[in-house]
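Structure in structure tokens, see below.
Lettered A, B, C, D, E and F in written order, each chain numbered from 1.
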Amino acid sequence: MPFHLSADQSACPRVLVINPNSTVAFTEAMMSALRATDVQLDFYTAPTDTAPASIEGTYDSVVSAAACLKELRTEVGKWDGFVVACFSAHPLTNALRELTSAPVMSILEAPLLYASTLGSRVGILTTSPRWEPLLNHDVASLHLTGQNAAGVVSSGLKVLDLESLPREQVMRRLCDKAREELQDRRQADVIVLGCAGMVGLDTAIREACRPGMVVLDPVRCALEMCVSLIRIGGKTSKIGIYATA
Amino acid sequence: MPFHLSADQSACPRVLVINPNSTVAFTEAMMSALRATDVQLDFYTAPTDTAPASIEGTYDSVVSAAACLKELRTEVGKWDGFVVACFSAHPLTNALRELTSAPVMSILEAPLLYASTLGSRVGILTTSPRWEPLLNHDVASLHLTGQNAAGVVSSGLKVLDLESLPREQVMRRLCDKAREELQDRRQADVIVLGCAGMVGLDTAIREACRPGMVVLDPVRCALEMCVSLIRIGGKTSKIGIYATA
Amino acid sequence: MPFHLSADQSACPRVLVINPNSTVAFTEAMMSALRATDVQLDFYTAPTDTAPASIEGTYDSVVSAAACLKELRTEVGKWDGFVVACFSAHPLTNALRELTSAPVMSILEAPLLYASTLGSRVGILTTSPRWEPLLNHDVASLHLTGQNAAGVVSSGLKVLDLESLPREQVMRRLCDKAREELQDRRQADVIVLGCAGMVGLDTAIREACRPGMVVLDPVRCALEMCVSLIRIGGKTSKIGIYATA
Amino acid sequence: MPFHLSADQSACPRVLVINPNSTVAFTEAMMSALRATDVQLDFYTAPTDTAPASIEGTYDSVVSAAACLKELRTEVGKWDGFVVACFSAHPLTNALRELTSAPVMSILEAPLLYASTLGSRVGILTTSPRWEPLLNHDVASLHLTGQNAAGVVSSGLKVLDLESLPREQVMRRLCDKAREELQDRRQADVIVLGCAGMVGLDTAIREACRPGMVVLDPVRCALEMCVSLIRIGGKTSKIGIYATA
Amino acid sequence: MPFHLSADQSACPRVLVINPNSTVAFTEAMMSALRATDVQLDFYTAPTDTAPASIEGTYDSVVSAAACLKELRTEVGKWDGFVVACFSAHPLTNALRELTSAPVMSILEAPLLYASTLGSRVGILTTSPRWEPLLNHDVASLHLTGQNAAGVVSSGLKVLDLESLPREQVMRRLCDKAREELQDRRQADVIVLGCAGMVGLDTAIREACRPGMVVLDPVRCALEMCVSLIRIGGKTSKIGIYATA
Amino acid sequence: MPFHLSADQSACPRVLVINPNSTVAFTEAMMSALRATDVQLDFYTAPTDTAPASIEGTYDSVVSAAACLKELRTEVGKWDGFVVACFSAHPLTNALRELTSAPVMSILEAPLLYASTLGSRVGILTTSPRWEPLLNHDVASLHLTGQNAAGVVSSGLKVLDLESLPREQVMRRLCDKAREELQDRRQADVIVLGCAGMVGLDTAIREACRPGMVVLDPVRCALEMCVSLIRIGGKTSKIGIYATA
């Protein structure tokens, strides 16, 4: 049963946070970390039989997007907003935008958009080295490369390591990379955590950096940006690329 | 007395909405139109003796920014967030970012950032023809020109016309320009209202367009984006260009 | 049976042309139109039960890509090159590049790359108006927008109209749009036919334009570029974004 | 008395060099270093009570611009050209362009424009590390970032150090940074001195570099470019962004 | 005898204005129109046997550049600066920069650089329609395309028409195109005359436009920018792309 | 006698490979290395009296282009396609495109276009350090700089060293630079050999790199891309910048 539905039955807006891989532990980490006032938060995990346990490239993205769409297509009317919790230009984001006029927020876009108002040199801390070229590609294809982007730095940890390795070891590695590579060598002034699996780790990483550094948790950014759009009645346009086919 | 302080004395976050021109009617229009849950909203109007009645170019921007900074500089610690309510690359925005670590949101940036997630061809409806080249310049200097920007269209109305002309005449002009110039001729799928004085006009203009068009009120966008950043603990970075001098 | 395998059993290279929608008529049109010396040409049509009859947006792209990948994943070792016959940034292209080191050519990229050596102002003639914003988006995301791109022009015909309407009516519409919109109004000097369903129509459209106009059939371009890469031993790199996950 | 007026009463053109900070020593350094044939050179220093002693960010820029504009606004008709002697996208430049049709030259723009005709990889040598991100931002906002810009390098000296530290120590530091960081590590072929306070230091720094290196003094560049525009009757356009409001 | 040497034998700087086509009438028009204080102006016309009478494309550019280089190569030490009087990215410019450390100014670059400080939307008025795509290409290859370039407009006159047709007819055509196409339709605020053969026509064309329009004569711009560089000791860098081979 | 004409008198297409320098050894190296099925390959070497022995900058490019054009101008009708075998934005390429409607392929463009479909971070291995800035400039002027270009790396070998030094020494140097600088330090996933004189060295260099690296021989790429265009009837457009003057 892929949906974790909020028990809240009030009239407040409902947002669905979509984990497009099939690892329930990631969904649960998001459930623990996320709080949103006046919003009913539901969660969805991609099916284990058709979606991969973690998303490690374009093939995984396509297959996981299709797996989610199969289950979600007829259900999209139930929510007032969506968060796609894969830190990439995951095709589920634009596909959902075609299916609904509710706002759909990607955890790649939201923190980069916020960051553009908070600093001038944004760096991304990601998982395995494989994601460095992939994220450079995705950020460029979304035209989110700032003039002074600090770039993408791999922590050397795999996505699944974030859950399976001892927390202390994970944090030491992430803090070191954030401070040494992004802050000191590449002179980032904002660090975006580049994986849904890093939800809730922003405070510890910020404390490892110079005072004044900003560290953004992409899942919280995407949820909050989605909710803020709902509050102002923001809709996905149905005239241009997201017109219903 | 330039500040309109909220009577609310609760512990919820406080946001200051800054009108950098000296026309109180614009501030009052924003006071009427804005609602924000769980936020104490204060308003500020630039002083009549040093700031212009409306901002019509770079000279006005510089002078009004300095006038505001003189009064605000020692007060910035009182708020958790700021909205700069001039639809331009007004220099007050970056100057405030230097003075505080609270988020500072410009009504130019916020709607364009939201728009980038809602559509693919964003157009701006502004006031007098003079603002067409100025806004093209400002949008480009902020690197917010999308690949497929629909551009800036003047309504032919001056800023002060928005308050002084009959409402019906104002609305007909704005609706016609939005539909004919931005929607039909330039194929915008998102329209951003390009003046603080257009606060609250979004619904009427959207209704004049094709179903599925998105129309964004820049003041509400900036307030909501500012509040959402406060909710996630977002701060202005103190390491790069916004470091305190 | 989705594969049309060449009877040729010689040792020459084998290329698979993939129609990612389920309309066999499009595959057959390509089979009739394509000739390649010293190459064994096989064809594949996406399955009717899971893939759409034509691809009209991102949702269709994702679903059709996943449908093809399910059948092709374990078979990719059989071919020396692949052509993805959907005129878009179809996600199947990059997903296949992850699965194989054989060259994979998209019918969007190949004609635009050739065109950059043949002229200086390239225009695209597509099908329904819906594809104008989608192709503008896709071309930009691939960084194939030239400094002087003439843009994307819709013929007003739907993809399936290309097969179902009388040939004469189809040709008149395409020729008129190419000449009036792309050649005369937008001053294109190269016209790329923007749909796999237009395979073989290049000569007639060129004859409707000024002498010296170049009109490129995207399917033939992609096939020939793929074959030429095979001839020089060109491989998909396994180090960067296309590394096998 | 902020103006140092030339004693020359001939009919030759008059140019005002504006030091927008209040440190007279910088103005005097420019008075000593600048020579211009057939031009009456006047100098202006910003008022000590309202302008900062040196400009260290956006707040200082805005405040100093407003302080200058208050004194200059009604006087601009007296000069045939203006030089704004702050190496940044100082808002005084565009504000003056609105107030006059005489050419207004910024000491940031002029050397970068000249440099684009003299070499292919331009580097900037600035003062404190704080100016590295600020100048990267300003150069980008002016669209003066070349394809192969060598970037901005801080000498580690504060603006006021240029006047207060022993000359030998200042020169050694500047020469070392120019040679080691800009020439050797970043392969600049043109070096622009990035502070008005470096006026007259170009020869010594060039001699510390490889033969054939070009080092540009930004104040002399701006003055000469301004004078050259006066010679050809060049005016600030009154139609676009610099139209008088 | 291709050189017209100034009779002036004083010690002031010598500049060579190079007409890379073989039509002496164009050289003579420049001789009549140009004045430069304190500079010895020499002129050179490309040889009639090897260079074309006018430059109408890339072939002509290459052949004329080689013809000039053959005669100029061993002579370049005689001048302190050079103007290449063909309004294009003529290869003679960069070839000369390799041969000398004196500044070499192209009549394409100089007015566009000046224009970037005088307005925000620069348009080019050229001769025959053939030059529209060529100049779009050249301007883009020099990275001189502004964010808001008004583009290139052909007057429909051939280069040689400028000399052979009645002056009144030439002027009416140029004035109409400048006003109707560049000023009114494309909203240029600076117009650059796009042919050496238009030397001296700037005043008449400006008078045909709205008050406040700026019209730049490219030959005078290039000469004055060259002279101004000589005044500040500006040299072509010998380290990067212009290093002597 | 500058032409080496194929003995093949069949009806298959004829392609002329142009070596625009006068060193016959380079032409002979290409004759040995190139194979093309069903194509008659002819070769041309620039004349020793007017063209340089190797091309080391813009002056050499212009002079060699003119030397070739003088001999080729009246002969271009004899071939169905052309390869310009100088790894630069050699002006002969565009000049020939004006003279013929046959496809003209540059050995700079062809491998970069192919590479864009094979990987995401393309690096160029060139000869002497002088070519680093020149190629950065040329690649930028052709708008072939990808978002994630790995840049240009000099091997420290001069063009003529490739022929005169012991093969083993040449190969060791090239392999080391490819692996250490382009693969390891700059993370290229495709390496383009940046000199016609490196024809045939691709396999050895690829074997010195990580498995999965792609190394492209520019001469073979250009020949194959040219032949592939001939196969699909691709022509140089005669409407835009390549229109016959």
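Going forward, contacts are C-beta pairs under 8 Å (C-beta built on N, C-alpha and C of every residue); 3 or more make two chains touch, one makes a residue touch a chain.
The structure presented is a predicted model; accordingly, all values stated were derived computationally and were not measured.
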Repeat of the A-B interface, chosen from B-C, D-E or E-F (over half of contact pairs identical by residue number): D-E
Interface sides of chain E and chain F: same vs different residues, half threshold: same
Between C-E and C-F, the pair with more C-beta contacts: C-F
Between chain D and its twin chain E, rotation from the CA superposition, multiple of 5 degrees: 180
Chain centre separation (chain A, chain F; CA means) in Å: 44
Chain centre separation in whole Å, for chain C relative to chain A (CA means): 32
Residues of chain D whose C-beta touches two or more other chains: 120-121, 133, 137, 140, 143, 147, 187, 189, 240-241, 243
Inter-chain touch pairs (all): A-B, A-C, A-D, A-F, B-C, B-D, B-E, C-E, C-F, D-E, D-F, E-F
Interfacial residue positions of chain F with respect to chain A in the complex: 120-121, 147-148, 187, 189
Complex interface listing, chain A residues touching chain B: 37-38, 101, 103-106, 109-110, 113-114, 116-121, 143, 146-147, 183, 187, 189-190, 210-214, 216-217, 220-221, 224-225, 227-229, 231-232, 234-243
Chain D partner contacts - residues on chain F that touch it in the complex: 132-133, 136-137, 140, 145
Chain F-facing residues of chain E, complex: 56-63, 65-67, 69, 91-92, 94-95, 97-99, 130, 133-134, 137, 140-143, 240-241, 243, 245
